[in-house]
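Each of the two complexes below includes chain A, the first together with chain B, the second together with chain C.
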Partner chain A sequence: MSLRTGRPGTSAGPVTGPAPAAPRRRRVDWPAWRAFILLTAPLVVGLVVFKYVAMGWGLLLSFSNARGTIALGDWAGLANYRALLDDPRFRTSLSMIVVFTLVIVPLTFAIALGLAVLVNRLRRGRALFRTTFFLPAAVSYVVASLIWKMSLFSGVPSSAANSLAALFGQEPTAWIATVDPPLYWVVLITVRLWLQIGLYMILFLAGMQEIPGELYEAARVDGAAGEWRLFRHITFPLLRNTSVAVTLLLVIASFQAFDEFYNLLSTGLAGAPGPDGRPPLVYLYDVSLVQQDYGVGSAGAFVVTLLIVVVTLVQGRLVGLGRKDGE
Partner chain B sequence: MTERPSRRGRRFPVGSYLAAVVFAVPFLLPFYLLLRNSLMTQAELGALEWHWWPEKISFTGFTDAFDNSTVPLGRALLNSALVAVISAPVSTLLASMTGYAVARIRVAAARPVFVLVVATMMVPGAATFVPTFVVVGSMGGVNTLWGLIVPGLFNALAVLLFRGFYLRFPQEIEDAGRIDGLGHLGVYLRLALPNSAGLLAALGVLSFIEHWNSFLWPLVIGQDPAFWTVQVAMSTNLTSQAINLPALFASAVISVIPLALVFLAAQRYIVRGIMATGIKG
Partner chain C sequence: MSGPTPGLSRRRFLGTSLLFVGGAAISGCQTDPTGSGSGGAKVTLNHWYHEYGEQGTREAAMRYAADYTKQNPDVAVKVTWVPGDYKTKWQSSVLTPEGPDIYEINEVTPDMVAQQQVAALDDILGAAKGELNEHALSPLTHGGKAYGVPMIIDVMLLYYRKSLLSAAGVQPPKTLTELVSAAKALTRGKTKGIFVGNDGLAGMRNLLPFSVGQNVLTGRRVSYATPEIADAFALVRRMFTDKSMLLGYATEWYDPGALITGATAIAWGGLWALPQIKKELVDDFDLIPWPAHGPGGKPVVILGGWSQVVNGKSKHVAEAKKYIQWLWLQNNEVQQDWALSYGFHVPPRAGLAAQAEPLRSGPAKTAIDLLNQYGTRTTALWAPTVSKPYDDAVSDIVKKNADPMATLGAAAQRSQEALDKLPTV
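And then the complex of A and B:
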């Protein structure tokens, strides 16, 4: 029992005997502190300024009248939040993004998982196909919007979509310019699918590498052959952690959609897309950068942030995140 | 047991290859259109008939792209290059430094600092562009290079990943370094940092792509054409009234090529980085 050496700070020390007044007792390790501060200060200062101060200032601004100014002091109580929630354009943007999320998340999930299974079955040329499905991840939303708006789904008869439709005897369609029928949804959904599927396919592929091959062999010996049954009883259940992560990432990304909506549906830098196709971030851009109402803009930032945090937490709770910690 | 099935014994999955080829078409079609359109003329792009390839390859799109005086493409490309080339290594290194310190230096502040950093991950980045704009604007960062770059240098998720990596860094190596007279900084710079080259490369390449392609923040902070990135420049053309389509597609080709090359060359690191970030994210 090394009571004395092991616990130099206990009150038992002085009583039990003439212990040498522990010289290392709570000595501040200055070299360690110096190294710690040198290593962490740049990032910590940056986060404090650009996250904590920004959020604090934004919170105060959201309770201020701040049209054309970012100065505090002209308090407005909850007026900005009330104005925001009373604005039908903001409410439309919220319901719009919920619908968008409900469509894009399952679609991306299913196609990414399907492609991962497919690529995993290939023996030769696996890398080639993986790269093919993954390559769009190198393209920006702006460039993809350009291709979608001006070539794939442009209104001219020679666009890819209209040329394809012509093969089936269809007349050329204005894909983006019409609200009725809302064909712009096809454009919005496909462009995001193209850009993000590859990334989530990689995540699923990574998850599949963790599944021991013996499980499949054992199942085959037991006569549980059939690719679908193997997928349903082995692959999919064992991808649970990956599936949870993918769903969370997809939802967070969807709620923050901005780039493709702005570039596909707006008609000018200051112009904003119509109310039907405007997600919250485009609305906030319009309010704060175009109309320069930083009070309402900040209030909107907090409403959207709160929404994302709540959805993430609820979703995490629903799927039992943390019940089985991976690491 | 003479008929032990060899590993290649199962049938060649013809159906899977067929499906993979069919799926590959829509993934490659946009790349093909991008290239084709950049080599066409405005008249050909507005034609009634679909053309698989321009009748006569035209490079006027590429010259026109740089001749546009209202949208300075050369300057925009330079800005994008500066942003990505500075942001990728700096943000990755900052995260590595902090990750090492909170993982391996035992001071009372380690835990609080780690919590302070990780707590910021709760707040989604893009959704809070208004508060960030307010702070950067108050510091005079609108229409400056630092306003474009600095707010994007602090990556809490990367700190989390580096901390996980350095926690597993062998104590014996650190002890050996200590015996050789290295301090905390020495152990980090001479031993831990070189040993994390793989993770540095993975997160660095991801960060490069992210910064080159980012759009919302550059749009918000670079209001003067001199501070547009290539994404903002292309978006300006795309959302304007009169569009020179071949020039726009040509500038898109120019903006995609460097990234596609980085992507193909560093795919191994990209995959590793995504696996690291995605699974924990």
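And then the complex of A and C:
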């Protein structure tokens, strides 16, 4: 971040006139610095205490025997990491989140983009549809999960899904409890789609509105007929930066999945879901807060973070994150 | 937009805003003291309860606290009623010095003892120890020392609707095989045969080993990977696959809604729900234990319930012990009121349980008789780290048709590793 300490407009843009005089030594604008420090200090202190100290402590805990305690001192070396990677349930949770990502990211991407195209074409009522599709993004994952669990996809014949199935002569189905075949995925995928499509649709819409209308007019003059061709040759290529950002955000959000898995699939008075509904964050919640093994839990947090960083970097390299158009 | 208020300088506005934000942050961090603090008290005990479902319990807990302060003006008790995932909340709070002085638990793990999350209470239990139900005390006991005082015993068994069974021509099942057949025969129309939890496992997972006459642990040895237990789970899978089980109902097994509405004919449930079931179904229900399986099998009634512990890191351990002693060991009125005025629970002291009038007749008496005959539960070494591989294995067997014996065998190995890591205390 930079503070404006000189005259405006002296540094930006190509210099076309006579060379400017050598800049004088700039006077430090202390009142501005004081205001900056005063206003950002609470944020920085909060960040240091609640993020960096906590992360540092977590890293140390990941090398400690910390069952039922978060105190340091009983060092375990890499034992927690070994125990974690040795647990088949953790490995399963990793493969589960990869599958979830491979399904949810393209689906959300395609539907959000499709909706954005449709809404963008509207001449009237665009704001209404934009708001309607965006509204679910304001709903809590917990609330939505409970609605899906208790109303839409409950196992009783009167649930929305079973009522619909009955019209086609199907027997009532226990959607959430059926893991073989994995019908619970229908519930998980639909709730997340409902919750996140609106947000990404708005991002695409914003990207589309940046595309100059003249391009479409010129294309039509040049004989490019048909909406599909316009989309393929103008809209989609010019949305590249938005698409890259959306994909990145979707992948990270997918790897951090917790709320809907926990709230849809946990049963009883307490405790995490069974082995079929346990992505990495739910697995780590269970290890740390139910089994009270904060050492293994912290090790897992770093393994998952590392995984997200690696996937993001690889994805960034593949899709050309940060590359300018035409590079 | 209006300009700044005359007389309120920017500096003062900023200062006031920061104070406001700071105050809001501090008040947001406080717990929710609902209790009855006394202004002149020298000591304030922080007492956590989980959220009980029965109406009137919260007021009762606060009344007990207020009564104690009246008799002991030096000690105020702040009752904190914790809704939602109570276990996670107390587990997190006792990691810090700000944890509650007294809190409720289901069992004491060896790690809790090693980390001083609980204090030994033998000095206040005294002679009452011999009178407490052994199955209620065993999950609180390590090395001969008791680390909690049982406050209520919850009896869990099977409820069934008499009319639905007779309409289907089904007798109350006495063996697991009969239960599987009965569940199938009772599945008609909008009624399912049996409800043990929305995942098809919750209520019965831990009782099946007892029903074949075995246990999940034998001392410090994991003992659940046996052909008899594997066979029982394979049989239970039949109820899951032939669609006799109610799954995905609106409420969980501890709520009697599914039985009352007729969504299920047989339901795993607790004695706490008896007043509500009796009110709704009058005589159209009865109670049975979970049936036996195999030649060495025996029926099972599981004991659950809540106990109270003193935080070993509390600054007021002595005062907290004295309060618990008054509340759950000396004050008969409190125990009777807590156990029987809201839902139905059994007082852990044998003398009080025997005298409790509401438990001496009808279905409540049946439940008490079954409890005395078949009551059991896992021990304090069945900690979450030990039980987790077992829970996962059972889920795989029942829901995904995993090979019962091989799955239990692999899980037992992991459970044993976890058990070996538990400290000996």
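Heads up, the rule we're going with is that the second predicted complex is superposed on the first by the 283 of 327 C-alpha atoms of A that agree within 3 Å, B and C clash if a C-alpha of one lies under 4 Å from a C-alpha of the other, contacts with A are read in each partner's own complex, and residues count from 1 in each chain.
We take it that contacts are C-beta pairs under 8 Å (C-beta built on N, C-alpha and C of every residue); 3 or more make two chains touch, one makes a residue touch a chain.
All values derive from a computational prediction rather than experimental measurement.
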When both partners are placed on the shared chain, which of chain B and chain C touches more of chain A: B
Quick check on the superposed pair: does A:Arg89 touch chain B, chain C, both, or neither? Answer first, second, both or neither. second
What is the contact status of A:Leu289 with respect to chain B (first) and chain C (second): first, second, both, or neither? both
Check the residue A:Pro157 against both partner chains and state whether it touches chain B (first), chain C (second), both, or neither. both
Per the contact definition in the header, classify A:Ile70: touching chain B only (first), chain C only (second), both, or neither. both
Taking the superposition as given, does A:Val221 touch the first partner, chain B, the second, chain C, both, or neither? neither
Considering only the touch criterion stated at the top, classify A:Asp180 as touching first (chain B), second (chain C), both, or neither. second
Do chain B and chain C land on any of the same chain A residues, and which? 38, 42, 70, 149-150, 156-157, 267-269, 271, 289
Could you pull out which chain A residues touch chain C in their complex? 38, 42, 67-70, 87, 89, 149-150, 153-157, 159, 171, 174-180, 267-271, 274-276, 286, 289-293
Listed in rising order, chain A residues that touch chain B in their complex are 29, 31-33, 35-36, 38-40, 42-44, 46-55, 57-59, 61, 70, 115, 118-119, 121-123, 125, 129, 131-152, 156-158, 160, 163, 194, 198-200, 202-203, 206-207, 241-242, 245-246, 248-249, 252, 255-256, 258-259, 262-263, 266-269, 271, 280-281, 284-285, 288-289, 294, 297-298, 300-301, 304-305, 308-309, 326-327
Provide the residue numbers of chain B that touch chain A in the complex, in ascending order. 8, 12-13, 16-17, 19-20, 23-24, 26-31, 33-34, 37, 45-51, 94-95, 97-98, 100-102, 105-107, 109-110, 113, 116-117, 120, 122-138, 150-151, 153-154, 156, 159, 164, 183-185, 188, 209, 212-213, 215-216, 219-220, 231, 234-236, 238-241, 243, 245, 248-249, 252, 255-256, 259-260, 262-264, 267, 270-271, 274-275, 278-281
Which residues of chain C touch chain A once you look at their complex with the stated criterion? 14, 18, 21, 85-88, 91-92, 95, 109, 111-112, 114-115, 117, 190, 197-202, 243, 245-250, 252-254, 263, 383-385, 388, 391-392, 395-396, 399-401, 414, 421
